[in-house]
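What follows is a single structure, written as structure tokens, with notes after it.
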Amino acid sequence: MTGEEIFADTIARDQRVEPRDWMPDGYRQTLIRQIAQHAHSEIIGMQPEGEWITRAPSLRRKAILLAKVQDEAGHGLYLYSAAETLGADRGDLTQRLIEGRQKYSSIFNYPTLSFADVGVIGWLVDGAAICNQVPLCRSSFGPYARAMIRICKEESFHQRQGYELLMTMMGGTPEQRDMVQDAVDRWWWPSLMMFGPPDADSPNSARSMAWKIKRHSNDELRQRFVDMSVPQAEALGVTLPDPELRWNAEREHYDFGTPDWSELQRVITGDGPLNRQRIARRRQADSDGAWVREAAAAYAEKQRSAGNGSGR
Amino acid sequence: MAFDDAYGALTDHDDDARWAYGTGFTDPLAGVPSGLPDGVDRADLTAYCLMLGDDALVMSHRLQQWVTRAPELEDELALANIGLDLLGQARLLLTRAGEAEGAGRDEDALAYGRDPGEFRNVRLAERADADFAHLMARLLVFATWRLALFDRLAGSSDQMLAAIAAKGVKELTYHRDYAAQWVVRLGDGTALSHERMAAAVTAVLPLVEELFQPHEVELRLTAAGVAVDPAALRPEFDAVLTQVLAAATIEAGPVRAVAAGTGRGGEHTEALTEILAELQQLARAVPGGSW
Amino acid sequence: MSDGIRHEWPLFEVFVRAKRGLNHVHVGSLRAADHGMALQHARDLYTRRNEGVSIWVVRSDDVVASDPDDKAAYFEPSADKVYRHPTYYAIPESVPHI
């Protein structure tokens, strides 16, 4: 069989493609783009919650949040790792991010205005991310699928800690309950948009599904997320800000309103509330750290040439 | 794979050992008696636990401020780990302080409810870091000193303090190693990094003297077999620091200690006021809030 | 950066032994300036949850891998060596411990 036939056969038999296997160039490029965007999202996603670590109102919440934001750095690294098996270079991907040539999830361009946002990000944003990510554990590209398994496993606490925080706050003062409802009002629609544009406007989706990089369509995942979230909102005692939201007995799914797709488009193209700040922070860290990275490389090189093995 | 439940969906991978996934966790203080040792002054023990707890809480806060700003992503994880370790130490020590005090204050009441003058941390912990070299210099000094202290504190007659210290020794050994490696790399890296590392050492050394000045509470509790006299830690500290700075090709010039009181006595710099403003702002803004 | 080029640290592959008695397994990769840093980074990145008791790090460019195109020549010849498998041998049920 030719490489191309082996590839087609591997996909057809639902087996994993591995880095050194032959693969179509489009498959490689699509994966690099998708995995890099996913990695960038983890890294930029540290910022909205990271803002609250130093201000967390209890030491327990502080530890939870620090561990969670740290996980996001780790998940970014797992994903950059997977992208590098395809021949991409992390430095180059970072450059593309800070030059605005590669995207990250638009959700992270919204501000975190109160500590309730930390809870709502865990519940809704991580909940939506889990809906997206669980099927990716079966993505056709081996290193991506394996990274996703590890990530999903570790993230299982992220959504729960968010929901638990919200439950605790709902049992607190009236002011705290208002904070939770306000955060839900602000994050609900952006969370729905995390699944991407409607299937009809998502031209690349079909190809990604054929290659089994993606396993479910945007609309299918969005529906699942709504169906999962409604009873959780009821248990919490908050209202989801959608007057059209109601159970449809015939479809056995919730009907829901249409997100403001023009807003999503504007946020994607750079006019979200915090696009510039998010990228600026990442760029600043990268450039502030340049002399440190150079020094470590120079030191390792000195050790090598001095015959100290490989810098051990 | 199940789809409706994200957690259930993961259970068809039941070969965790093969994947080298994490396992559960253990409570480091399980089974440790929490009673106070005989003949120990409650107020002294409370003050001592606050000293060690505040050191960790304030140093952890400075590390938290580095989140999303580390020089490389791998170091994001390392700094967060160190910050989490110290936060963990702070929580255990503040909890112990509350138990010793016996007035019903828990870790949060002590962390969020005290004003700067009531904090007992050394001033080294509160200092802001101008760059990564400053952070590494400060962490090296902090971890070397604290490791020497905890190493001895593991033999405290307060079994709870002894257990907290024994746990901390493992953590601090790693912190010291991490910082030492960076001080050496930066000191013996490029001309620029050498200059910055040397400047950082020069800036941090004046805060060293204070670490070894015993407070009267420390002396009384040392006599009671509970605490460690910080003055006794100096030889070990000097030996480690001399070795690391030599490997880093950094010569420490003459050092003049910072004057005007000690953090142990509640005398601090404006840096602590800034830290507490950030740390306590939200908790104080919502009185009676549940988090 | 001064010369406009990113000075990348080399890539390392990380292997973790989950507990005594098991093989080290590949868990992913990371970047580090040298082996010492790679070990520290591996500890921080891949053992945050009690994952291991031992770590190996190997420079990625030191790994020599078989070519997938050689898969047939490398691996299929062993497929018909049925006599290497215990089930190939018929032993009466009545014989114990074999």
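Points worth noting:
Going by the order they are written in, the chains are A, B and C; count residues from 1 in each one.
Here is the rule we use: a contact is a pair of C-beta atoms (placed from the backbone, for glycine too) under 8 Å apart; a residue touches a chain by one contact, two chains touch by 3 or more.
Bear in mind that the values here come from a model prediction, so they are computed numbers and not experimental data.
Taken as a contact graph, the chains are fully connected, with every chain touching every other chain. Chain pairs A-B and A-C differ in how many C-beta pairs are in contact, and the one with more is A-B. The most distant chain from subunit B is C, comparing centres defined as mean Cα coordinates.
Comparing per-chain C-alpha centres with the mean over every protein C-alpha atom, the closest match is chain A. Between subunit B and subunit C the centroid-to-centroid distance comes to 36 Å (mean Cα coordinates, whole Å). Once the centre of each chain is set as its mean CA position, subunit A and subunit B turn out to be 32 Å apart.
Distance between subunit A and subunit C, defined via averaged C-alpha coordinates, is recorded as 28 Å. Those residues of subunit B in touch with two or more other chains are numbered 19, 21-22, 72, 74, 77, 81, 185. Multi-chain contact residues, meaning those touching two or more other chains, occur in subunit A at positions 70, 74, 77, 150, 154, 290, 293-294, 296, 299-300.
Counting partners per residue, subunit C has 9, 27, 30-31, 33, 36-37, 45, 48-49 as the residues that reach two or more other chains.
Of all residues in subunit B, those touching subunit A in their complex are 1, 3-4, 6-7, 9-10, 13, 19, 21-22, 57, 61, 64-65, 67-77, 80-81, 83-84, 87-88, 90-91, 94, 107-108, 111-112, 131-132, 184-186, 188-190, 192-193, 196, 278-279, 281-283, 286, 288-291. Considering their complex, residues 43, 46-47, 50, 53-63, 66-67, 69-70, 73-74, 76-77, 80, 115, 127, 130-131, 134-135, 137-138, 149-150, 152-154, 156, 159, 165, 168-169, 171-173, 175-176, 224, 228, 281-282, 284-285, 288-296, 298-300, 302 of subunit A touch subunit B.
By the touch rule above, subunit C contacts subunit A in their complex via residues 1, 6-9, 11, 27-31, 33-37, 45, 48-49, 59, 65, 67-69.
The residues of subunit B lying in touch with subunit C in their complex are 16-25, 72, 74, 77-78, 81, 174, 177-178, 181, 185. Listed in rising order, the residues of subunit C touching subunit B in the complex are 9, 16-19, 22, 25, 27, 30-33, 36-37, 40-41, 43-52.
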